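Once you've had a glance at the structure underneath, I'll fire off some questions.
Which chain is which? They are A, B and C, in the order written, and residues in each are numbered from 1.
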């Protein structure tokens, strides 16, 4: 096993990292702004995958195209969840929001299972099975798309947050709620918007994830854990951090698979999460 | 309620109830009923412990499946090695306890929400490990990496029931004991605010550790008892989130941070098991909806609702308010 | 401390319909705990009014009530004749009352410029953003110098200037300042109070909350002294300064 053989896993790991960053983005946003761990996040991403699956198998719509419907739908769902469920829990206790999210997770898993059975599915399109080689490096096309999508989304979100009034309001509210409140920001609405945006990114993440890997109603949990890893490593409040976190997780997985076999690949990633949590929970780039 | 519980009248009633429960298997009631009572007491033990952690110590531990699963696998090793199963149960509890001690080092450095994340990851890691690792050679059971427990043929339904009854009752006593002790008061203070508690001289880490460790012991034992009944251990369910779901539901429905909460909550959960047995398809859905609804409508659970009712207040002496009061004030998200 | 001094109500009963802000007998609670009793005050256009009291007297709670963060259980608040007793904070900002909060509550990881821009978040203030920005830079030139630095990199005095500037960006008619002087050196305070006077010259009314009695009486036109949730003295500062009880209690004479 020479180092030349590592080129493929390394490249794939980086590309995979893009996907993971994209998946984790929604969780990071919600946690960064509202200090809320949305444990239903993984399941919401999978829901996005199933939505695209429905569009594909029932109507023959290409998954990426289905985002035109999927993103607004998930945005609305997220907005509603925050406005009517989570906001009520904030005054009760810290655990309340987590428990509600947990309940949502169960609901989603069951819904997905009811409609689609526990069998694994995948978004198979003409391009999702393509691959090509650059020299000795073997690249699967979906991975490239994932990375590109991640770049596009994160760049756009970054611009939105830094250049628009609304975006700045979201940043402000996450840095100092009281300050934002006193400057005339309707924090309730901002939180709902944030959750909505987070869910819209989850919709995208779901589509690209589905193009890359098979999914089933229960895969949400592993994506949740991976997203935690991304956030813990990369920290909050930084797009670059999220990207780096994603890449670390991606590399952990591909290199883990390379050295320890497919079955153990998640183990390496999980262990890294635990280690990172113990050493520096706020992440490399965290505030 | 403590005063009430230990009054002579209450003591007689309690003893009477326990005797009746103990005698039940001999009265020829349907096996299914015994089964549900069995589950009730196992879940009761588990959720009493979780209530202690999440409701009183402010530790939202999503780590319980780790303890349960480890106890299960300990039992596997014991029964396959020809050792008595009851020893296996006890050692299972000890193994869980040791594991709790081990992970407390990294995990307790995490505050609040990060703690929840950390404890969520742990059972997942164990699940993958036990999927790959064969602690004992031999035939596997089922599609995954499951193991059948051996040497359990002679145990009757009654015996497993009595074991469950025993730990269920013990768990109630344990909770009351802890809450009445200095540990309990310390925990209530910690739940309100870590830093404030520290500033008045409470060794926060130590108390949380005690709580965590005691709970893991009991949880492990309860897990062991459960697996004696089930007869096989398999990683996905042993370390699965379903345990956390059951615990959360039981505790939340009854009322987190309220002593009697788990009793009520577990009763509801087991009833739901019974009721929804035919609807395996929407099982999770209903439980999820229940969880969400309760948190929104009655965040302090059924006990919370009952306590709010004037009728209840008139009927009951409420001298042991001090600790319960914490659950109404504590943990407010004043930063939001 | 004066706890049962009779109310000095000189000049207070002047035509109330002139008042920009009129607070009538409000009672405010934190949960079950009452914090303010029977508090009334008026602020007239272009006045500088001081609300003086020690820690725990309830003065910050009063400001939060004016800003809509808390709502009074009893009583009424009117702004320009319009009832705002139960309005939400963002509504109150859009009506023209802005609070510069205690501890400044800046956005630490945003630039000075972004902090200021956030000040103009309210719809009515957005169109005047450039205008107000120039104004702020005039009052506090240092903010223009440091406009691309992160707010957390500023010194205490500069942060306070930024907080005031941010408040100005919301185009207020009434500015509420909570404990502006905490932790700041007298030289800096001089600059800040000077700025307040200039701001008043532009037609903005000021109500500030302070612990420092002497300074407050020097800088304000009128003052209310609040103790343990009640207004115990009020009146023009020229008179309050001479008032025996005040001299004895606060100046140790």
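Worth pointing out:
In this section, contacts are C-beta pairs under 8 Å (C-beta built on N, C-alpha and C of every residue); 3 or more make two chains touch, one makes a residue touch a chain.
The shown structure was predicted, so the numbers you read here are calculated from the model rather than taken from an experiment.
Within the contact network of the assembly, the step distance from chain B to chain C comes to 2. Distance from each chain's C-alpha mean to the overall C-alpha mean is smallest for A. Across A-B and A-C, the chain pair carrying more C-beta contacts is A-B.
Each chain gets a centre from the mean of its Cα atoms; for chain B and chain C, those two points are 52 Å apart.
The mean-CA centres of chain A and chain B are about 32 angstrom from one another, to the nearest whole unit. Taking each chain's centre as the average of its CA atoms, chain A and chain C sit 44 Å apart.
Of all residues in chain B, none touches two or more other chains. Residue ranges on chain C touching chain A, taken from their complex, read 67, 69, 88-90, 93-94, 98-99, 101, 104-110, 114, 117-119, 121-122, 125-126, 166, 170.
Of all residues in chain A, only 165, 168-169, 171-172, 175-176, 178-186, 237, 287 touch chain C in the complex they form. Those residues of chain B lying in contact with chain A across their complex are 54, 60, 105-107, 109-110, 112-114, 116-118, 120-122, 124-125, 128-129, 131-132, 241, 244-245, 248, 252, 256, 281-285, 287-292, 295-296, 299, 330-333, 335-336.
Put simply, chain A touches chain B in their complex at residues 31, 34-35, 37, 39, 85, 88-96, 98-100, 102-111, 113-114, 177, 221-222, 224-225, 228, 232, 263-264, 266-267, 270-271, 273-274, 277-278, 281.
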